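Below: a set of structures, written as structure tokens.
One chain, subunit A, links the two complexes that follow: it is found with subunit B in the first and with subunit C in the second.
This part shows the complex of A and B:
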């Protein structure tokens, strides 16, 4: 009996260690298979769907010996499984091939344009969360009221509107007619030679350079596309906030807090929202990933020199290496954020922690 | 019940239906009542019915040809009594193009639903009923697809297949089946151990028959709700592809492509791009409202949150 009692903590520790090991292994398996799946799909799109991928690279006017040489150089004469192996090896070492359009390695191009997209998506998410969370809380607290209906309709329109169209209209109204914001692009040409990017995030760079004129101009450029993306994520964030808040407000601890005589403000913002915050973090992370994708269309409308514009430009020029490289990058970030939000959820919510 | 004084409403709402038909009609009536109590959902239904009507009666409704315009006299005209929504750069009546474009929109959503929903249904029910490693593998594949960025993947697909509305449909369908598989699996798991499945099994039904005849029909209603809710997304993705020049090709009056061609004139002739975008907004709003209403009406569990 006594020996069993001394063994018990050790056994529990063992059990815990094996549970953690199991969680880690399953996490690695999930990351690995998802990423491999992404690569398999892009491989399928790049190598198997086109009738002749070599022709897609050298063009149909290339002489026969060039076609043949390229085929061997690119390894297209090998069986598919060997091609796939080489492909995975290439991608994992950051080699996405060369862009036909810019003649640079695709990876270099992406490294150049990606900060622009991230900056846009970040500002967009900040706007979406800053407005979406209060709106969602308001809708939940005043459930069934006019305010609730209005928030619901704002959200529904956000789900239903073609973002590129809204972008065009916003440019027309706020740039062309009212002149409140700057037009397409990221920064005015005036600053082209005086402004030196450091991090690639222009707002941050302007602050680091203490270049306030440039900061104002950059802000005027980013506010419109970022607000649009923000509206897009606001629709999602406000809807989820409302539903999480409704869930929290119906819990017993809220009744207890009311019985204790806490103020309504304290109950809503201090207690209910704090508990709803855990799933909200996941929602915000997911909406960030959604904005990276939504940037493809927004960037096209606003001539924003980011990854989305890079992909669409490459599409129009049949530059498959660049398109697939961009797809893999967005896909990787997407997968990464998905998994990260899952991990965050587990870390923040003590109920899902491994005991 | 032999009681002849019973009204139609009572007959539908009776606790003791006499026949299977009566029970079904009764259930449908209750669902319908719950659905129509939601005013926004009825508006959504109205929009979708209007879309169906416009698409069906396009040749009767369109005042002008959607393809041939009056290049000499009617380029980029503002809305007027002859051209209600103005004309585009080819001198074509925008309203007529919108009316014919509704057929393309309908074609896209119907075909995507017809391709994607059965794939999801098959994968989900198979995974849920078989269990074990089949379930694990199928669900891993589903989750992998679920983790992908849909629009970007569809873009890459169309880039490889070549632009065109058929390829856009295939690309969208290939990226939109995973949620259906998840739903079908969840439904399957709730019924697979129920008594009636055991009874069918005892009667010697094959797994194939059980899945096809006894499990799939139960997944249909939640699947329909989800497909309806996804319709708006499908329309927006198709319009996005059209906007980038990867969907329907000119001179087809696809709404996204119409916005793209109106983009050049946005500063001076804004109506060229504004009208098709408004059409997309209205139709996808209609599907969202309808989907929300259907979900609340069919799903008694989540008491209308």
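This part shows the complex of A and C:
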């Protein structure tokens, strides 16, 4: 009897362990094949585009023998499958190759440009969530009212106005006319001599350096593009919040809570939003991941040296190592954020935990 | 591709944006530091700062300001050169030996003395590395085996350069003004060489500092290169060891900003002193602003439409001439290239030795139809044209499509990305192509060689000049181009280039359209900012700020 009692939890633990193991293995297999597929597709698309990659390195005016020698140096004379094999071999040992445009190892470049994009995306998402969620809640609670219509219009504009146009307009008004914000770029040139980045996240670096003048300047530079990105994620987040909230507010537990005499504030923010938060996490995470890809147009208008600009520029010059490296990073970000939101899901919603 | 399309829409949208913003009051002006010149420029073509390897536009300007050569282009009379590191030079009677006397007591930015050994070593490294621009020196008969003999230091201040043929001295000297002729601080570079395993293609055991110099600096110009971050920024700093007039400004900063509209906003707000990529619309707004100014200079880049001679219709001489009458030069000059180019129908840039100033063609449909009828193509024909997605070429291609249509020629435009259309062009797979050509070095041979010589028209020909790319087989003109190189009398040499250009006007498959003008928008307090005829002579040392 007593042995049975001790065996049962052990069996349960065993079962649980094997379930976790199975989950981990299937996760690794999925991630592995995803990466390999990602690499193969990008690699072969990169090889069949009708652009001569040697051209980007030596230029149009190089003599023929230099072109040929470079082609051999870069391994472009080998059959595709060999090139792919060599590339994957390099990647597995941590070598992503060298960008022909910047002449740096691709990972060095990405380490430099990715923080710029990530900083912008983070500030943008914070702004989007900080305004989007309350607006969505408001719209849901005052459904059909003027407030709801206004939120709807704000969202609609966010969806439909081209970002580069809005970016230029924002620059014209807030930078050129009003002078409230700083212009394009991440930091003013006067800091070129005094400000040394540590992490690549300039706001953080300024705090670490206790350089408050630089912090102010960096903030003045980031606020406009971040608000712009924030506005676009706000449009999405507020619409989703509204529909999740409407769904929750029509549930029976809300009626029960009202019957118990709880205050409306408590019901909305404590109960309904608490439950709506679960799917909202996925929405915010995906919108964050979207911003991390680097918004090419925003980065172009604001001369922001980020990942989007880097990859686009590389693509236009057939700099395939850089494009592949960037694609892997973006892939990793998506996979990572999906994983993270899965974990958050489990923290927020006990029903989805592995038992 | 998408960006290109969007660029085109920017101007229109900006007009709307400007309208909406007019109600708002003007802000306090930002200012750049008084001792710093801040320029916004698309510098993404910079891929290396090694003078032995660099061959693009923006790095030519950086290197032109940060390095010195034996001789420099005289920007007041661009058919001549002036002393650089060399104080004087003599040419032997047989035209084979050039002896340069160096200015005494010169120093590199590092403090090392500049000697003739440095000059000789700089030549040696260019020839042995053999990168894209190396041919500018190797065309004088330098090889990896003989370079140390042919480019030699006789003593500390005498450098002797021996060429293989009795070339026109102007040709030799002009080539030495190119950035590939930069005098390198050999002592400094030798501290930074990396070992290399020799192969069949590269027989040396080190990289001559090529790896380090991609971002490093070892020169003696008025400025030194302090920092370069690709697609972001390049910083020049005053070189206190410079022997000539020291720059008034302590530093010049280039910020990578691609958009014309963004550059204009930054210039108006005072965040930059110079905007370098203004499109016609923004340029006009800047020129009307009382606080701003503009400056411009013709550059050695010409734009042309070329006709592949593998296409049987385009190969007919009458068709080649007819198409030259079917470009609306006046309309293109007045709109699409206003302020950024000047109509030019000869292939040599204005200002270079022997440039022929002649624009014989006008838009004349009747004349063109007559020629087409002679060619047996009374009802016209259909043809494709590869066009890359940037202005002004897209606009010109569309204008051309419309004007040739009036003579019954149906052009189908194949749009593409820049590198993509170029790849096709270099493989001779096009019918018509619209492109531009910038001079490799400031000498008429550069363009004469590419437009009017084609040593081997076979598909596997290795000298892929523009004439080759269009399968234009011209043995006679090829010989004539070679002969002009050996004409030591400058006036006679100039006359020979004029004849070549005339032949091109009469028979070539190149419809030359315009010569590029480089423009810059400036803050009103920027003085003495002068653009040169090519990018390595855009000197920033004389610039001051009030």
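One rule holds for everything that comes next: the second predicted complex is superposed on the first by the 282 of 355 C-alpha atoms of A that agree within 3 Å, B and C clash if a C-alpha of one lies under 4 Å from a C-alpha of the other, contacts with A are read in each partner's own complex, and residues count from 1 in each chain.
As a working rule, contacts are C-beta pairs under 8 Å (C-beta built on N, C-alpha and C of every residue); 3 or more make two chains touch, one makes a residue touch a chain.
As the structure is a prediction and not an experimental result, all values here were calculated from the model.
Asks: After superposition on the shared chain, which partner residues are touched by A:34: those of subunit B (first), subunit C (second), both, or neither?
Replies: The first partner, subunit B, only.
Asks: Is A:159 touching the first partner subunit B, the second partner subunit C, both, or neither of them?
Replies: first
Asks: First (subunit B), second (subunit C), both or neither: which does A:63 touch?
Replies: After superposition on chain A, A:63 lies in contact with subunit C alone.
Asks: I'd like to know which partner A:55 touches here: subunit B for first, subunit C for second, both or neither.
Replies: A:55: touches subunit C, not subunit B.
Asks: Considering only touches as defined above, state whether A:112 meets subunit B (first), subunit C (second), both or neither.
Replies: Second partner only.
Asks: Is A:128 in contact with subunit B, with subunit C, with both, or with neither (first, second, both, neither)?
Replies: Neither partner.
Asks: Kindly classify A:330 by the partners it touches after superposition: subunit B alone (first), subunit C alone (second), both, or neither?
Replies: first
Asks: Applying the touch criterion given at the start, work out whether A:46 contacts subunit B, subunit C, both or neither, answering first, second, both or neither.
Replies: first
Asks: Tell me the contact category for A:172 with respect to subunit B and subunit C: first, second, both or neither.
Replies: both
Asks: Looking at subunit A, which of its residues have contacts with both subunit B and subunit C?
Replies: Dual-contact residues (subunit A): 49-50, 164-165, 168-169, 171-172, 176, 296-297, 300-301, 312, 316, 318.
Asks: Taking the complex as given, what residues does subunit A use to touch subunit C?
Replies: Going through subunit A, the ones touching subunit C are 49-52, 55-66, 69, 72-73, 100-104, 109, 112, 164-165, 168-169, 171-173, 175-180, 182-185, 188-190, 192, 296-297, 300-303, 305, 309-310, 312-313, 316-318.
Asks: So in the complex, the part of subunit B that touches subunit A is made up of which residues?
Replies: Those in contact with subunit A are residues 140-141, 143-145, 147-153, 155-157, 159-161, 232, 236, 239-240, 243-246, 256, 259, 263, 266-267, 270, 273-274, 276-277, 280-281, 284-285, 287-289, 292, 305.
Asks: Would you mind writing out the residues of subunit A in touch with subunit B in their complex?
Replies: Residues in contact with subunit B: 30, 33-34, 37-38, 41-42, 45-46, 49-50, 156-157, 159-166, 168-169, 171-172, 176, 243, 246, 289, 292-294, 296-297, 300-301, 311-312, 315-316, 318, 320, 323-324, 326-327, 330-331, 334-335, 338.
Asks: Once bound in the complex, which stretches of subunit C touch subunit A?
Replies: Touching subunit A: residues 1, 3, 6, 10, 13-14, 17-18, 20-21, 24-28, 30, 32-33, 36, 38, 40, 44, 47-48, 55-56, 130-132, 134-135, 201, 214-215, 227, 229-233, 235, 253, 255-259, 261-262, 265-266, 268-269, 271, 417-420, 422-424, 426, 438, 440, 462-464 of subunit C.
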